[in-house]
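Pasting the structures in now, so scroll down.
Below, chain A partners chain B and then partners chain C, in two separate complexes.
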Partner chain A sequence: MVNLNGIPPKNGRQYYLGLGLEGSANKLGVGIIKHPVLPRHDNSDLSHECDAEILANIRDTYITPPGEGFLPRDTARHHRNWAVRLVRRALDEAKIDGPADIDVICFTKGPGMGAPLHSVVVVARTLSLLWDVPLVGVNHCVGHIEMGREITKAENPVVLYVSGGNTQAIAYSENRYRIFGETLDIAIGNCLDRFARTLKIPNEPSPGYNIEQLAKQCKNKERLVELPYTVKGMDLSMSGILGYVESLAADLFSHNTRNKLLFDPETKEQIVTVEDICYSLQENLFAMLVEITERAMAHVNSNQVLIVGGVGCNVRLQEMMAQMCHERSNGQVHATDERFCIDNGVMIAQAGLLQYRMGGAVKDLSETVVTQKFRTDEVYVAWRE
Partner chain B sequence: MSQLSAVYRAPDVELKEFQIDASKQHYNTTNGATTGPSAYVLQAGQIDVDKPSEGRKNAQGEFTYLSKLRMHLTGLQDDLNEYLTQRMEQAKNKKLKQADEARIKAEIENLLDGGDDEDDEQ
Partner chain C sequence: MKSSHRPELSHTLSLNIPFENERQAEIAVNALSPDPILKPQDFHIIYTKNASDLSILFSAVDDRVLRVGVSSIIESVKTVIETIDELQ
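Coming up: the complex of A and B.
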């Protein structure tokens, strides 16, 4: 059993206020969250029932032109130039007149891209010194998990964390989020985004969303384009699939009629469209994810899945996972909508506030150094039994 | 209003000071010359929507203290960036020059000390 009320809120209030700053990739998020002080948290295991109230969830995304990815220098510039405006907007929306009232400022300590992480932590440190508010460094992956748990109220599910930078199957055990399976090379969101770049589809609102829309328009759903299926035990590998699907796209655009998969060998007619390739790519990758998730579920004897991370917004992935869970002792899939799936500041505030309530505030600024590599199981989850 | 300045020290260079001249346009904008988007992104057709916010004016129509500070800092940052880039270019040219000199020296030595043994005997 755990006591979440060990550290009281400021000024004798009956609620905590947390400000979260997220900027590990191309989304800059500022979130403000309120946790009431509840007697049921004195001695229990209810960190997924905080009755959290979201006072502000502001986000701005750095979008590159079609065919381009985002590199650290420009992403960091975007974060630096927008941070103050977004924090001000968040404070206005949350109707907080005195920012010194905030209990804790939470920032993404890692993992992620170096320069953007650094831009955001400089803002966090400055605000902390300006307002005399303690700081907490949060693991990005743990932020996603805690937000998923709070929104869906799932009781100890297997977590599938899928985004542009991470692909992990996680289960909780003895105060740590243990990684059961993961990608051996690139993340699934990275695979989809890079394929979107070869197709030169727009990056607004996100390349993955546009691939999902193209896949929905596929007219040949019964006839899948055969792609490599690379599940390796509990893990999966996607760089080979990406390479192959990029060569297919190149053949399609250059009208290489020698490719028998794409063009009829006799009539030289095109038999596979870009929509077909998008659809097959999704089906293939998502089937691999479902397999490794099912394997993790078998290991821990669970029938609940929580999907978090940007790729979790994909409706087809949620459908496939739901089908598997349902066939597996009538299980359930939990997912959140794009407000919380995609990187945001509120998830950092949620995880950070839980960490703060368990005494995890930073004692010295030297502990606020960000890091590009930060494994999910490095975090000691003190707020769970 | 305190005057901002910067001082650069390195083992091979004497003190280099950077001062702000508030009358120059360079120090009166928040949009720095060296802190814009990368060239490759502009070439790909990017329209820059991530510029820093402009300076704010008070009721009398003058820039506020913090806005002036930001604009001066932007100009100072540009000066520093240009100076450091220059030093990097010099270091690069020096390296290239040294590599060139080493290559010429090796060729001369080869000629004088007889690289004939390596030629094919036909």
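Coming up: the complex of A and C.
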């Protein structure tokens, strides 16, 4: 059994406060979370029922013009410009008297882009030294998983983690979040974002969201544009699909009537629209995700799925997953909305606070070096059975 | 700081940044020093606290490496100073 109350809160309080700083990609997030001390946590496996209260969840996204992606250097500069202001706003919103009241400062240790990660950890270290508050380095993926578990109360789900940088099907076993299947090349969010760049549609609020909206306007849903379907056992490959849809889009824009998929060979009339390609791309990619998730569920005998990560907000993905779960022994799908799906500071605070309560605080600042590669299964999950 | 100035890195620059007090200078040293240098054979940094000053000694193989390295550290120093200024 796990004892989450081994390390008492500061100043004899009956609750813990965690500050989370996230900046592994183009979102900068600051969150503050509160965990009450609950007697049931003395001896249980209830890390997904912390009765967490979110005191602040502030995010600022670095948005680039249509057709452009975000580069590490510029993103790091954005984070440096905003970090202190966001921390100030979060503290004000949470109405925290003195920063010394905070039990732990949690930051993203990785995986992610090096320069943005580094810009945030410098703030985290300075705050820790300034306020004399311990630090905890959090794995970004584990942050997503723990936030999803706390919000949805899913006890032991198969986790599908889909974002701009990661695509993994994960299941818990013996103190590790184990990766059952993952992408062999690019992440699903990267595939969607780069297609959005080809289409030159806005990156505001997010490129994937705009593709989802275009897909909804598809008037030809019975007739899918045939795309490569690349499930490799438990893994996926998406770079070939991206290359293929990009060539379709190029033919469409240059009005290349020799492409018989897009133009009627007789009349030369256009038979496929951008909306149709967006719809088919989503259907195809999400079907691949549903397939590997179902296989992972069969392996671990689970009937719950938790979808986390930025692409997890996509309503169509949630629908398709729900249909699979329903047809498969009445399972359930758990997903969260954009506040918690998209990168945020609260999720880092949630996972970090769990780690802190199990005695996982940083003992020397040399442990706070950030890393671009940090696999989900490297983390020892002390807070679960 | 474990290693001293290295003679093969001939291009050097020393920065002295005054803080309000010794504690702040100490915080700056501790917040900046954990990060490893990507190419230690080409570039080297020594952070020290001199009373209430943060002293940084850079040494590099050539002027380009020195310029790039120094400007990236200055960005981090600015972040540390802003954090201390606003959130003390």
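Here is the rule we use: the second predicted complex is superposed on the first by the 385 of 385 C-alpha atoms of A that agree within 3 Å, B and C clash if a C-alpha of one lies under 4 Å from a C-alpha of the other, contacts with A are read in each partner's own complex, and residues count from 1 in each chain.
The rule is short, and it goes like this: a contact is a pair of C-beta atoms (placed from the backbone, for glycine too) under 8 Å apart; a residue touches a chain by one contact, two chains touch by 3 or more.
The structure presented is a predicted model; accordingly, all values stated were derived computationally and were not measured.
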First, second, both or neither for A:78, with chain B first and chain C second: first
Partner chain in contact with A:64 - chain B first, chain C second, else both or neither: first
First, second, both or neither for A:207, with chain B first and chain C second: neither
First (chain B), second (chain C), both or neither touched by A:31: neither
Touched chain A residues, chain B compared with chain C: C
First (chain B), second (chain C), both or neither touched by A:312: neither
Overlapping contact positions on chain A, where the chain C interface meets the chain B interface: 77, 80, 84-85
Touch list for chain B against partner chain A, complex: 35, 37-38, 40-41, 44-46, 50-53
Chain C residues touching chain A - in the complex, by the definition given at the top: 26-28, 30-36, 75-76, 78-80, 82-84, 86-88
Of all residues in chain A, those that touch chain C in their complex: 77, 80, 83-85, 87-88, 91, 99, 118-119, 122-123, 125-127, 129-130, 365-366, 368-369
Sites on chain A touched by chain B in the complex: 62, 64-65, 67-68, 71, 73-74, 77-78, 80-82, 84-85
